[in-house]
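Alright, structures below, take your time with them.
One chain, chain A, appears in both complexes that follow, with chain B as partner in the first and chain C in the second.
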Partner chain A sequence: MIKEVHMPKLSPKSDQYFFGKWDKQPGDSVKTGDVLFEVETEKAISQVESQEDGTLKAQKVATGDTTKVGDLVATIEVA
Partner chain B sequence: MTTNHQTSAPTKAPAKAPAKPSWLKVTYDQKKVDKMTDLLKGLKLNTVCAEANCPNLGECFGSGSASFIILGPNCTRACRFCDIPHGHPKDVDLLEPLRVAQATKKLGLTHVVVTSVDRDDLPDLGADQFVRTIHAIKKLNPKTTIEVLTPDFQGREDCLDKVIAAGPDVFNHNMETVRRVTPLVRNRATYDTSLHVLDYVKKHAPKNMYVKTGIMLGLGEKDEEVYQLMDDLRAIDVDFLTIGQYVQPGPKNYTLREWVPMSRYQEYYKQAMKRGFKFVASSPLVRSSYKAKEELEAVENK
Partner chain C sequence: MIYLPVDSLDVRHNFALEYYLMTEKRPSEPVLMLWSTTPTVMLGKYQTAENELNRPFIAAHHIAAVRRLSGGGTIYSDQGGCQFTLITPNDNNAIDFSSGLNLIMQALNRIGIKAQMDSRNDLVVDGRKVSGSAQYLTTGYRLHHGSLLFNANLDWMAQALKIDPVKQRAKHIQSVHQRTVNLIEQQPTWTAATFKEQLTQALITITHAKTSQLTAAEETHLQQIATDKFNESAVWTANTRQFDYVHKSYLTGIGVVCVAFNLDKQQRFTALKLTGDFFSNLDLQHFEHALLGQVHQETVVAPIITRELQQAPIKGLQPQQLTALLF
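Let's turn to the complex of A and B:
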């Protein structure tokens, strides 16, 4: 089954962030709690953790992209 | 005073914002943060964590800890470093103290931090709401220790007397920065008024009530100015000092002068401990209420 990963709300004050970098590449196995990617908000660099166990299937955004809360960021193949 | 390093703090604003250092990396577990946010929303409570967009929010909310901000969300002052909305203040919510007490109980907090926005519009400047909140917390959570982080109350001693009498365990009021930088970043607050607040509280509070203050780095302060501040604080016997990095909330706020290197936090820690503070927290992500519980425990168990 494919699960979609959407941009979480990382800052109480804004809904638009700079996408930092990927910590997992397509094909990598991911576990719940693994850092998937980093996002730059006004006051921090947030490391977003996976909420699923599975394999990272596709990255939908790239470093430097501006992303909004709710945007599709990645897909994970869950067994 | 001699130190091993040269002060390089630029006092002028840099043309371009320097890149965020790696220590600003924080983890974020959305499920845990959402759970906390829902609970706080349900009780119609504000936290300084969310209002000031704190970088530690993920960690603190994730571990079930939060610092409540009462009398908000709007502040009557517009300090240039601060992210809390400046605007027309709302009516005092007399049920807010009870909700803070209920949230404290629901979260099972053994130490709770209560701060407020500035309320220069109120005849009591907000002191009575602190008193009501302390009383409510004590009633519902008799074992929980209470830390207040108050405004300067314009230096009014009647306000300070009321809050002292309510009996918090820790009385915190932030100096925010060194004397020279104060008028550049604070609004209607002065270095001397804040020193007076701390001095008055220390002189009039019972011996077992700790007096605490905090400052931000990266505003262009110099070593000797920080050491002067430490001396000023020790001259009035302030117990705890927190030192953390200023992170500019947005383009309209006071421009960040520098990301202060870790070596300077370590030097300040040493210098502060040498001067006799009971507890010093000095690290980039330290905030006034960050790990306040651990701080109090460390001192009490000595």
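Let's turn to the complex of A and C:
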């Protein structure tokens, strides 16, 4: 089953984030709590963790992209 | 709270200390540090050095250049300024500038400096910026880093951070430049060292912090972290460039073919884009995804490209030609 990963709300002040870098690549196994990627907003770098156990299927955004809360950023194949 | 005295003026040592505390030491209570540097420019994590720094000036004046773990814009620091670091256990991964800034504001007020917080999480005195802040949040910890200007060399600051508007590009975090002022205007009889001492005492009094020290072995370990994580070459390498490798070729009878890609430390494709003016029904996204995560080796890549082009050929292009373009 494919689960979608959407951009969570990380800041009370802003819903628009600068996409920093991926910590997991397509094909990598991921566990709940593993860091998937990091973003920047309001001069703060935040790491975003996986909420699923599975395999990272696809990355939908890249370094330098602007992403908004709720945007699809990745898919994870879960058992 | 723990107060950790920092004597080093080497920004790389002090960044390594922050990194060590957050990722290895993982303290159970907040840690506060105040430190200074030799003349230094500190880039935000996702800034592009060539857009922010006057490289000839920095080289000529032996100014250290380093990239922070935290976000935000570029700052200049020297022994006329004072950096503060507050590392706090943080279970909910929340961005919060107010707790750190309120603490520094209280301490400044206690030593007779009336600072206020503005909407960009900067500290201002009479509307002029005296301190900027940035944060880095990892699993379980929040690092708040701030810079206070007491008697910094504002002339060097202006020259080192000179911006060439022609070089401004998208896809990176740009600095926001504001009017800055030295706090010595508020306490003209003090030296920068006096200011740091007074601020330290005020912070210890407010927080009731216990003073702690690193062991000799921990100090030795910091040197390795400084070399690995905060070396100067990382400053001048753009952290936001979309692709590290761009291979382009004009092939007779086919047209321009361009592959752009990134590789991780294990030499696996982390990003890839195939573009050109060729004719094909190739599903580019499918093609790119077929290579992502694969090792950048001809024996690995060649069969994938052959398989993909068998399904949807690029007119006139042999799989070996496309494979060759990737190496």
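Rule of thumb we're sticking to: the second predicted complex is superposed on the first by the 78 of 79 C-alpha atoms of A that agree within 3 Å, B and C clash if a C-alpha of one lies under 4 Å from a C-alpha of the other, contacts with A are read in each partner's own complex, and residues count from 1 in each chain.
FYI, a residue touches a chain if its C-beta (ideal position, glycine included) is under 8 Å from a C-beta of that chain, and two chains touch if they have at least 3 such contacts.
Note that the structure is a prediction, hence the values are computed from the model and not measured.
J.: Overlay done on chain A, so just call it for chain B and chain C: clash or fit.
T.: clash
J.: Quick one: classify A:Val30 as touching chain B (first), chain C (second), both or neither.
T.: neither
J.: When the two structures are overlaid on chain A, which partner does A:Gln51 contact: first (chain B), second (chain C), both, or neither?
T.: A:Gln51: touches chain B, not chain C.
J.: Please work out whether A:Gly64 is in contact with chain B alone, chain C alone, both, or neither, and reply first, second, both or neither.
T.: A:Gly64 contacts chain C only, not chain B.
J.: Which partner does A:Glu42 contact after superposing on A: first (chain B), second (chain C), both, neither?
T.: Both partners, chain B and chain C.
J.: Applying the touch criterion given at the start, work out whether A:Trp22 contacts chain B, chain C, both or neither, answering first, second, both or neither.
T.: second
J.: Scan A:Leu10 for contacts with chain B and chain C and give back first, second, both or neither.
T.: Both partners, chain B and chain C.
J.: Tell me which partner touches more residues of chain A in the superposed arrangement, chain B or chain C.
T.: Counted on chain A, the partner with more touching residues turns out to be C.
J.: Could you tell me which stretches of chain A are touched by chain B in one complex and by chain C in the other?
T.: Correct list for chain A: 10-12, 33, 35, 40-47, 49.
J.: Mind pulling up the chain B residues that touch chain A in the complex?
T.: Per the touch definition, chain B meets chain A at residues 20, 22, 24-31, 50-51, 53-55, 57-58, 83, 247-250.
J.: Could you list, by residue number, the parts of chain A that touch chain C in their complex?
T.: Going by the criterion above, the answer is residues 10-12, 18, 20, 22, 25-28, 33, 35, 40-47, 49, 58-59, 62-64.
J.: Could you list, by residue number, the parts of chain C that touch chain A in their complex?
T.: 44-46, 69-73, 93, 95, 97, 120-121, 132-139, 170-173, 239-242, 264, 268, 270-271, 289, 292-293
J.: Can you list the residues on chain A that touch chain B in the complex?
T.: Listed in rising order, the residues are 8-13, 33, 35, 38, 40-49, 51.
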